[in-house]
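In what follows, structures are represented as structure tokens.
Shared chain: subunit A. Partners: subunit B in the first complex, subunit C in the second.
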Partner chain A sequence: MNEEKKSSFASTLPYERDDKKVSAMNERKKSSFTSFLFVLPYLTMFILFLAIPLFYGIFISLHDWNLISPNRPFVGLANYMEIFNSNSTAHELFFSGLWNTFQFVLYSVPLLVVIGLGLAMLVNSLPEKIRFLFRTAYFIPYSISVSVVAILWLWMLDTNSGLVNQTLIKLGLDSIPWLTKIPFAWVSIVIATLWWTIGFNMIIFINALNEVPEEMYEAADIDGASSWERFLHITLPTIRPVMLFVLITSTIASFNIYGQPYLMTRGGPGDSTEVLLMGIVEQAFELRQLGSASAMAVLMSLIIVGISLIQLKVTNRPEKEAKE
Partner chain B sequence: MKKWVSLVATTSLFAGLMAGCGPSDSSTGGGSGESNGDKEIVFWAPFSGPDGPNMQKIVDGFNEKQDEYDVKLQIVPQSEYYKTVDLALNGQEDAPELMIMHGDQIMTYAEQDVLKGLDDIVGDTVQKDQYHENAWKGAEVEGTTYGVPLDIHPLMFYWNKDLFKAAGLDPESPPTNREEFIAAAQKLTKADEGQWGFALPTLWPQQFIFPTIVYQNGGTLIEDGKADYTSEAVVDALEFEKDLISKYKVSPENVQQDGELTLFLQGKNAMHLNGPWMLNQFEESNINFGVSTVPRLGTKQDAVFANSHNFVIPASVEDETTVTGIEEFLSYVADNGMAWAESGQAPASKAVYESEEFGKLKQQPQVAKQFDYVQYSPAVANWGPVSDPLFKAVNEALLGQKDVKKALEDAEKESQAQLQ
Partner chain C sequence: MKRKKQLKTFLLMVIALIIAAFFLIPLFWMVSTSFKSDFEAIGGGTNWLPKEFTTDNYIYTLTNASMSAPVIKWMFNSLFVGLVGTTIIVSIDAMAAYGLARLDVPFKKVLLPIFVSTLMIPWVITFLPLYMQFNNLGLLNTYAPLILPYSANAFGVFLLYQFFKSFPKELEEAARIDGANKWQIFTKVVLPSARPLMATLAIFSFMTIYNDFLWPLVATSSPEMRTITTGIAIMQQGSFVSSYGRLMALTTIATIPIIIIFLIGQKQFIKGVTQTGIK
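Now for the complex of A and B:
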């Protein structure tokens, strides 16, 4: 909204100065050229690092593409058929990885959204002076690389010498096999992920909360609404578009889980936390089957796009309902 | 107008950034840089750790000694190494003239015909009997030699001398067989104090430990393209490992990735199996440790699992002067490889490992002692992915998720599917 206001304001300026039409048109051209220049950096990046790799990946997926061999015959959809052939190793790799990834998405996304919003409301209700401090503190982990995050948690959760279990033992409790037994392995991976990325969702929610008009709360107060009713009928409807954004970005990010299980559990115990991306990387760079790996990656992106569309459809009901 | 100036500035800054993203040389390790018409030999190696400068020292020595050839060492980080090698060998990028390759990778590449057979080269300047005979076994595929050995790195045995003393054991004589090992481990274990005789890893480096015990049992893992994980030798190896946790109770349960290493570094784990590359880390920690050959944890024979570093030449290198230059360099390395030993590794060249200077080192002579009975990964392409199911089975059995035999049966089927 704000963006729109600003740009329309800019383009009305020449009229206010009562210039001739020609100069107005020039101005407009210039303005759209300026806008183009602003988009250009992103566009270049988008084409270089997203569009080209995407189409190249689809191209590779249609070939028998061994990384070492210079011969790469075109095989059509054979790589895709292989994934759906229930006797192949590619099938096993893809679907067991996909199932594990699904589990992680199911465990992590609700928490990423709910805790993100909860933290945002907590931080927002703090006195102005210390609000900044907490906002920064919660956001800092987001800027750390995944390897550091994984190693931090690996040490803290170590069954035999980790901080967490040492503390449990001191309190007279049993130690917990955080990274070597199911369901604890998932719990640990989800905790590490929350700690790492929750700051981002929190910041987005804080901005959304600040956009909620104060008058609406005041009016609700006069009408005698409880704080829960205010949250339910004012806050939630107002921040709904942002909520949807957070939901979708969190889902996509969770599908792309790789570093945490790769570094913390190595996919264990057995292969119960071996997620899809680990399988794809193995297929691509250990077995050197780039064609098959690309086919898996393409299927994975289709699944992510599909799920995001469903989320969009289900959550973004017509505006009317919300207003009533 | 100001807006325009800043826009132009931003765009050009951006263009500069983009240029920086282009393909750049993999980090060049030093190099003298004085190319006065010498024949250049580009040499790739994955030595991005503390071993890099040691290899650079050898290369510098060779470049100074003669002025016909100029060897340029380019270090590619270990994690990127084989991806980079793959791209170079399929002709997408300039291939080097000389590369380091691990023994367990040679078969995969040789099968794709991207490595030069070295049988014409070995024999003149570089001679087989200059190296330990077992070193060549790691570089041969079906009778053809594809690599010239640099070193062999077998599994090693480390122990905490202070804990041995405290438990009333002789800190200078580590166990040598299964019985002594179990007895020592039991004496060293004080579970209620969180001290363990031998914390057993459930993940890496089982890739070295488990095959070692299988080979010591006289067994094999893959023979003639068939995975055999249900033979008595293999089952006994896994049952023995499991007993260390559940029967002898000398290892804690649920050891996670690197959990046993953390305990060893904290002085709470008395005995530890790992590769010779750990030396630097152990020396930097303040534990009073000893290093020796791996005790015979199997029941039949001395054996230890090992991998190796070898020099290989891409098939595309045909220029004769270059090949002669490489021969001279390799022969120089064989005679002057002491610098490589300083990285903790044991060079496979007799001139080095039989020298007096080498004998005075702490770890390296122990590594070389095991040369006589090292065994490598089975002769199959893609050993890494093929063996994944096996090490998953080890993981599941040791974590009590699956019965030993069942886990091995499942793994055998999975590995077999990969082999076809």
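Now for the complex of A and C:
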């Protein structure tokens, strides 16, 4: 409407037309410049601390990059080849770390998802007045840092004086070498992780459960469905997208595990709980092979993205089939 | 029927209480141990309260004679980088989100998808190059690496973008007719209504920065530049190893501020968590 008015106005005054056009263009340019200033601060941070590191990381992985030597020759894919060459330290660090990380993901993720959902259902089935209290109690550890969590559980599970073993002895049972024997070292790390992070998943599930329409349950009640049937045929299908979200975020978080084994077991016994991130840090800062460590980090990122995509695909398939 | 329901509720409460014990006992044990002498702590036993109540662990850690653990400086560092980092994140994210949602920013159709897609990028790929970048600039062991990298995360931009997108246009229009410029409209009209969401982002950001572990561990090496989270890890592996009375005093000191902030901002925080779930 406005545009039309302007142009008809301009056509009656041919001499002013060009001026008007130019000034409107200038106006627009000026406006989009001031608008750009709104995005500029974030964009600067984004480029400096995300975009550049991303390419710089790949760049470093293509060089023989020693942390203290200024001579850093380009070596192409040699760092990647070295990781797959079974005689190298990089190979040992990467694959043993990857295997240990896989184990942790395998032990922790199903528990994080299932118990997270279980806690959410438990809290939701309590009388409304006290829900808040239990939700807070289960969620508090999430606010604590990983170093506090790890040191606290290190103390709880201390073989000689820890509360857990002291309680076992009081009950007339044998004490357990929680941190120095397999499989107990993994059990300890998984317990500390569950204690720390499961509240997060619970909160997401509580929200998802509250969004299931009440009418669907009422309809099921009329059909005489048992509570197990209600859960299986109404709750689960409805919260499915959220479940997928929790599954993927838990998997990524578990893949990035570092603090718990670093502080609780120091990768032991032997190197059985030395996870991939510990291997990368060791390669970068102890052996000073930043090029090789960066190649390991790039591969680890590809694995994480790959697993997320597979989970997305596999878990989405039945839904699509049902639609078709 | 009513009886049966009451019994069920009672049983659920018992289960819920047992689980609550699992979450709360370690915290109680942490505080309890921090008031025990090392001798009593290492001696074991399951006494919930110290036999001989002592504040020695706190006095020792806060006035550490060996100076290897400047705990007060660590606390200051953590609170400082947390506050400054959070302020930066909330400000620049709000501006960028508003620009992308409402203003004629050039290339905005490309920028937003680029920002959002970086949420998929695993953090591990940027952490070694970031170390090199700060190393090249000679900025390791300063506050810069402890503050700046967190502000590149697109989470806040994405969170606020959705809010600004649905903000009623009429209010902006009215302000524009009154002669307000973009900045005035942004700060006086739009931002006040985004306050709850900005509080959510602030709590998220503060907790992320305060609790981060591996990055501050590699970005700092001098004792006085440590954050409290990395400092206590250094002590656990150093001179406080197995000195659980002192370690628990340290972890208690480190945990108090963040638990207080968490309890105060719990509502906002939970809102933020559920927002991430909707994505």
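Here is the rule we use: the second predicted complex is superposed on the first by the 265 of 324 C-alpha atoms of A that agree within 3 Å, B and C clash if a C-alpha of one lies under 4 Å from a C-alpha of the other, contacts with A are read in each partner's own complex, and residues count from 1 in each chain.
One rule holds in what follows: a residue touches a chain if its C-beta (ideal position, glycine included) is under 8 Å from a C-beta of that chain, and two chains touch if they have at least 3 such contacts.
The structure presented is a predicted model; accordingly, all values stated were derived computationally and were not measured.
After superposition on subunit A, the partners subunit B and subunit C collide with one another. Looking at the shared chain after the overlay, A:69 reaches subunit B, while subunit C stays out of its contact range.
Of the two partner chains placed by superposition, subunit B and subunit C are both touched by A:158.
When the shared chain is aligned, subunit B and subunit C each come close enough to touch A:285. By the touch criterion defined above, A:60 reaches subunit C but does not reach subunit B.
Contact with subunit B, but none with subunit C, is seen for A:178 once the two complexes are overlaid on the shared chain. Once the two complexes are laid over each other on the shared chain, residue contacts for A:227 go to neither subunit B nor subunit C.
Comparing subunit C and subunit B on the residues of subunit A they touch gives the larger count to C.
In the superposed model, A:208 makes contact with subunit C only, not with subunit B.
Of the two partner chains placed around the shared chain by superposition, subunit B and subunit C are both touched by A:34. Contacts of A:138 after superposition on the shared chain: subunit C is touched, whereas subunit B is not.
Subunit B runs into subunit C after superposition on chain A, and of the options 3-11, 75-83 or 183-191 the stretch responsible is 183-191. Overlap of the subunit B and subunit C interfaces on subunit A: residues 34, 41, 48, 154-155, 158, 160-161, 263, 285.
Against subunit B, the residues of subunit A that register as touching in their complex are 34, 37, 40-41, 44, 48, 66-70, 89, 154-155, 157-161, 177-181, 263-266, 268-271, 282, 285-288. Those residues of subunit A whose C-beta lies close enough to touch subunit C in the complex are 28, 31-32, 34-36, 38-39, 41-43, 45-46, 48-50, 52-54, 56-57, 59-60, 119, 122-123, 125-127, 130, 134, 136-141, 143-148, 150-156, 158, 160-163, 166-167, 170, 195, 199-200, 203-204, 207-208, 242, 245-246, 252, 255-256, 258-259, 262-263, 277, 280-281, 284-285, 290, 293-294, 297-298, 300-301, 304-305, 308. Those residues of subunit C that touch subunit A in the shared complex are 9, 12-13, 15-16, 19-20, 22-27, 29-30, 33, 41-46, 88, 91-93, 95-96, 98-100, 103-106, 108, 111, 115, 118, 120-133, 148-149, 151-154, 157, 182, 186, 207, 210-214, 218, 229-230, 232-233, 236-237, 244, 247-248, 251, 254-255, 258-259, 261-263, 266, 270, 273-274, 276-277, 279. Subunit B meets subunit A in the complex at residues 3, 7, 10-11, 14, 18, 82-83, 86-87, 89-91, 108-109, 112, 114, 194, 196, 199, 202-204, 252-259, 262-263, 266, 268, 382, 384-385, 388, 392, 395-396, 399, 401-402, 414, 417-418.
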